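I have a structure here, written as structure tokens, and I will follow up with some questions on it.
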Amino acid sequence: MNAIWSFIRTDRRFIFLVVAVTVIVPVLVTIPFPVPVSNATRAAFNTMEGLKPGDAVLLSFSYGPSSMAEVQPQVEAVMRHAFRKGLRVLTVSLFPDAAPLGSRALARVVDSDEFRSESGGSRLVEGTDYVNFGYRLGTDTLIRRLGQNIPQFIETDVRGERLDALPVMQGIQNFDQIALVVDFAAGDSPDWWVVDGQGRYGVKVAVGVTGVMVSQQFPYLNSGQLAGLIGGGVGAAEYENLINAPATATRRVATLAFVHLLIIAIVIFGNVLYFREQRAAAEGDPA
Amino acid sequence: MRERAGRPSVHRTLGAVVAAITACLLVLPAAYAQVAATDVQASDIPNDDGSRGVQVTWQFPTTGAEDLKGFVVLRRPADGGELKPASGAKPLAPKERSFADKGAAGASVKGTSLREPSVPYVYVVRALYPAPPPEPVAEPSPEVADGEAVAPIGPPAAAPAEPGATPPAAADAPQPEPPPDIQVDSSESAPAKATGNWYHTGRTPVLLATILFAGLLLTLIQLAKAGKTPKIRRIPGLEAVDEAIGRATEMGRPILYVPGIGGVGSIATMSAMNIYGHVAKKAGELGTAVRVPCRDAIVMQVMRTVGEQAYTDIGRPDAYRSEDVFFVTDSQFAYAAAVDGIMVREKPSAIFLQGVFYAESLILAETGNSVGAIQIAGTDRDSQVPFFLAACDYTLIGEELFAASAYLSHDIPLLSTIRAQDIGKAALMIALIVGVVLQFAHIDAIAWFFDTDLAR
Amino acid sequence: MRTTLPLAICLVMGLLMLVQWFVPHPLSMELFRRVNDWMLTIGVFALVLGIGSLIMVHTRRVRRQTANWPYSVVVLLGLVVTAGVGFVEGFAHPLRGLETTQALPYEEGTYTAKAGTITIRDAGVKGVTLEKGDRVRVLYEGGGHTDALVTTTVSDADDGNTDGVVTAAIAAWRQGVPPENGTAFAVIHPGADVFNWIYEYFYVPLDSTMFSILAFFIASAAFRAFRARNLEATLLLLSACIIILGLTTPFIYVWGKVLPMIPEAPTAAKDWILEVPNLAMRRAIMLGVGLGSVAQAFRIIFGIERTYLGGGG
Amino acid sequence: MTQSMSATLGIWIAAILTLCLYSFLYHDNPFYKFAEHLFVGVSAGYLVARQYFNAFLPYVWEPLKRGVGYFSERDLRQLTQAGETAHAQPSELIVVVPIILGLLFFAQFARGHGWLVRIPVSFALGASMGMGVPVVFKEQVYKQMNAAIIPFDALNGSAVAINAIIVLVGTIAALTYFFFSMEHRGAVGAVSRVGMWFLMIGFGSAFGNTVMNRVMLLIQRVEFLLREWLHLLPT
């Protein structure tokens, strides 16, 4: 028994093995896990749920490939919810890296089974139900420009179609006609949206952010400057749960939970070992 | 009078407002109050390179013109020319009272940050009202002091620019379908020009701090030279440096010095170079090799200079081997993989991880730990400190890394700069406490001083 | 001279760039842009030294047949092949450099194909240049397509106006016969595809795998380091565990069932740690590091710290 | 679902390289050594080609060419398209200054002139330090000071007030820990000890928060192996 313990203590490869098993098995065998919903994510969901069909939401993509594991599922869940509600979806990328990821999410949701029409194609039509502005230069300046006048500044969508000609843009001038902005972020962009979008033009803003950024957003959420907050992969899973469409995030979070519990177990186990040794040392050395 | 046109007096402004309100009241029964904007002012937007253009502001009564559709800002070159809209095709919202005319900025010179000289412009603010129904036409009141109604004919440029000219009645104009808006123009502003400014007033607080801090630093150095030697507290991680080098020598294995992934511009990398100077000297005296894998070519260059000098200082320039300082690759994780490889193959007995580290911090520190090396880490990235704490024997946290160079060198001018830092910190603490107390009394002087929005 | 000149350059550049920040004038912005460009330029030369160092280290190992020398061959091969492919493909399409192949599909205009030329009328080719080596692809109605190589570079602007009508000289159609005139066609600008393939299937997986190895190391570090040795170590480990549990959905779920009166406690505790003590400590580090950096920068600008020159000189 | 040959080959290569790197977790071995050295070589080669096209050409070569008025056929075409005439732009020749600075790096190979290397180094260093000072003051010191004071403007509710005060106390205590010019004894020692507690709680939270992110990356990698490579998972 002691030999096994000392092996575990000295050879970290044992821990590597356990971690590997803890990741691979749940990925292979999907184990449904309850995902309790936090207030922050529920606030984002309720805000979206409160919109009327035909309202416009602007999704802003401000993340990149390295934050994709957490943010991409958030984007897909929010987009799915918006299309289900019959909202008009406008998308813009604040960073060049984000543009292909945003387009990919849009394509995945639009072409998913849920929105398939009888003829086999998607019943969502680009230009009528949604529009993609693509990457636009300017970061925080861009937000201020959009607040002044969207069609005048953007002019054409990613396909080169003039915005004034698109049914989806009818009646949309500036942030007064945007019911909600959701920013998907891996950097400073929530600050820009809160200060410039919410503060200056009064548009409602919700954000989806990576796990490490969550804590910085709470002051905004508490003060009401943010209408909702989806935090990291866990937030994405919560949102999937709320719209009753479990997908990537729900699966990953189930796996994540196993690893988290494993790490807690490892820490407890390490401390048990440590105190046993301490006691043994104290007994062996009565001085 | 010329001057007054440029700088409308308070009286005139007030008079205009009163007159405008009176006018509104007079025509109120007709429900088509056609008030003009008054007190149009234009000025260069300060604190920029001229690219933000000219700020146009105007006054407008808050009541009495509820059917106002919006404003159009027009401009013409001060030396003559036609009035052209500056605020775009769509009118500005009725609530607006200002407009930043970016178009007044000089064009940027291609491929540079320079700008063509800009032209001075004169501005007019045009208020738009819906056209009246064909039958009863409300005559624009002649009392409108500072502007006039303009018949909705033709392009905006056709609007008369001369204040006081008798406005043609709206009914006289031909009525196209749908009826165009009634346009009421203000009088002209004084000319204004977008220029690049030579000082950013919003950055004065930062300038103040910079000067004060630099002054403090230089004063303390002078004092120290006059014989006031500053003391400095123990920094455990640095005390261990010599121990680690000694141990490596005993075991006859090399030392690995990892200067992080930062470039030469980052302060932490600079500190890493300084610590390396010390390590190279000690190791050189004991005849132990120090291997330095680099991710940045300029950093490699500087590290070589530092190493060469260290060996010269101890009188063994021939013992220095420049190939011990080598470039790996600039890719973050390829660098980490290669350094991991060096660790497991060369089994250094002491590893220094000093400088800028991101995610690779734990990859390096865990591998170093697994080969049983004594590890001394230091970084100013607070998010990576926990991983060094977990896997290294000693960790220099944030500022401790910057203090290292002074600490190791015992150089008096350097030590006195550490003292300057401490005084700076004490000043910040006091400012913090005073600021909070004042804030309770709703005096935000200190918060304002530190407000970075002004410095944008 | 050997010390004074570098110190003087450092002082002048330091003060100049310091003052520059307070001057928004275009001349000052231009100075900032220039100096940054110059540092990039200097970096290019330093990189030559860096790559030279890498090549030296590994050729020496191969020459001396030191331990593990065959792996040095792998380094050199990887370097030469990747860079070589990049140069070959980059020079082949100088306008697009190392971009991937871009296809511009046009669906609204028309084309008229003759032997040796094709005339394209489409708003999409306004101002566009068809480079030698580009391909024009015509899509057949029932599916399938045929290609032709552009033989001389031609631009929409060559005829003096950018009207979206371009006539390009082309080599023979791949299918032999020129296609009938029609509307569905594309212009393909070939790019550095092999180079980007190497990037996508060698570089990216190696990079993300190395990154993900952290998941293992984080577990082993937690096992070894998170021991309640003293108060400080205990705080470190407790705070880490509270955060981890606050992100573990099943734990929160079970907590809510067992202690329904405070169902949000794990999340609330996690958030409190992040928002209060964590914020305080990060703020302190930022302030300290801020002052420390400024002091270090002044030490270098004023020449008090001159280790980088190689000692006191 | 059909995949192109090159993509299939690529996925196999990616999967094998992934496993090679993971094998390091067991032991240093030839597979890891191979992948590691390949990684270094490929990334350096990628860097060389990228730097040539994105740095050398635009920042060194093109300005020189414009300066002496040598334009390739393609440049001329672009110029005429932009409605400009091609003529030498001697002001561009100022690029020789950084070129000379860069070439001075090679002085180290000339015996007796090694000190010239210091010139480009001190240029780059001086400039970056100068640029750094005001920005650090603004972004780190001023922003944090402002953010630390502002919450005391509107303290609504006791919980908010208590938290704001804890943050203030923690900031001051942790700052005290970084005092170097006095020994941490007595009152200063006590305050800096409290500062250390705040530091430890903060570091712990950073550790805990990072776990999720890193594990997510590993899950993504495992999903790649199981789905794209082995097709064990539905797409």
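Every chain is named by a letter (A, B, C and D) in the order it is written, and numbering of its residues begins at 1.
Heads up, the rule we're going with is that a residue touches a chain if its C-beta (ideal position, glycine included) is under 8 Å from a C-beta of that chain, and two chains touch if they have at least 3 such contacts.
Keep in mind that what you see is a predicted model, and the values were worked out from it rather than measured.
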- request: Farthest from subunit B by Cα centre, which chain is it? Let me know.
  value: A
Message: Can you tell me which chain pair comes out on top for contact count?
response: C-D
- line: Between subunit A and subunit C, the Cα-mean centres are separated in Å by 23
- line: Chain-centre distance (mean CA atoms) for subunit A and subunit B, in whole Å, is 28
Message: Can you work out the whole-Å distance between the CA centroids of subunit B and subunit D?
response: 19
Field: Interface hub residues of subunit C, defined as touching at least two other chains
entry: 18, 21-22, 32, 42-43, 46-49, 51, 54, 68, 203, 206-207, 210-211, 213-216, 218, 220, 222, 224, 226, 236-237, 240-241, 244, 247, 274-275, 278-279, 281-282, 285-289, 291, 293-294, 296-298, 300, 308-310
Query: On subunit D, where are the residues touching two or more other chains?
result: 21, 24-25, 33, 35-37, 39-40, 42-44, 46-47, 105, 118, 121, 124-125, 128-129, 131-134, 137, 141, 145, 148, 168, 171-172, 175, 178, 199, 202-204, 206-207, 209-212, 215, 217-218, 220
Field: Shared interface positions of subunit B, touching two or more other chains
entry: 203, 206-207, 210, 267, 270, 298, 301-302, 305, 308, 328-331, 333-334, 337, 345, 382-383, 386-387, 389-390, 397-399, 403, 418, 421, 425, 428
Query: What residues of subunit C sit close enough to touch subunit B in their complex?
result: 18, 21-30, 32-33, 42-43, 46-51, 53-54, 56-57, 60, 67-68, 203, 206-207, 210-211, 213-214, 217-218, 220-222, 224-226, 236, 240, 281-282, 285-289, 291-300, 302, 304-305, 307-311
Task: Enumerate the contact residues on subunit C facing subunit A in the complex.
output: 124, 211, 215-216, 218-220, 222-224, 226-229, 237, 240-241, 244-245, 247-253, 256, 263-264, 267, 271, 274-275, 278-279
Field: Footprint of subunit D on subunit B - complex, ascending
entry: 203, 205-207, 209-210, 230-235, 264-265, 267, 270, 298, 301-302, 304-305, 308, 328-331, 333-334, 337-338, 340-341, 344-345, 382-383, 385-387, 389-390, 397-400, 403, 407, 418-419, 421-422, 425, 428-429, 431-433, 435-436, 439-440, 442, 444, 446-447, 450-452, 455
Field: Residues of subunit D that touch subunit C when the two form their complex
entry: 6, 9-11, 13-15, 17-18, 21-22, 24-25, 33-56, 59-60, 74, 77, 80-81, 94-95, 97-99, 101-103, 105-106, 115, 118-137, 140-141, 144-145, 147-148, 163, 166-175, 177-178, 195-212, 214-215, 217-218, 220-221, 224
- prompt: For the complex, which residues does subunit A have touching subunit C?
  reply: 12, 15-16, 18-20, 23, 33-36, 38-39, 66, 160, 211, 214-215, 218-219, 232, 234, 237, 253, 256-257, 259-264, 266-267, 269-271, 274
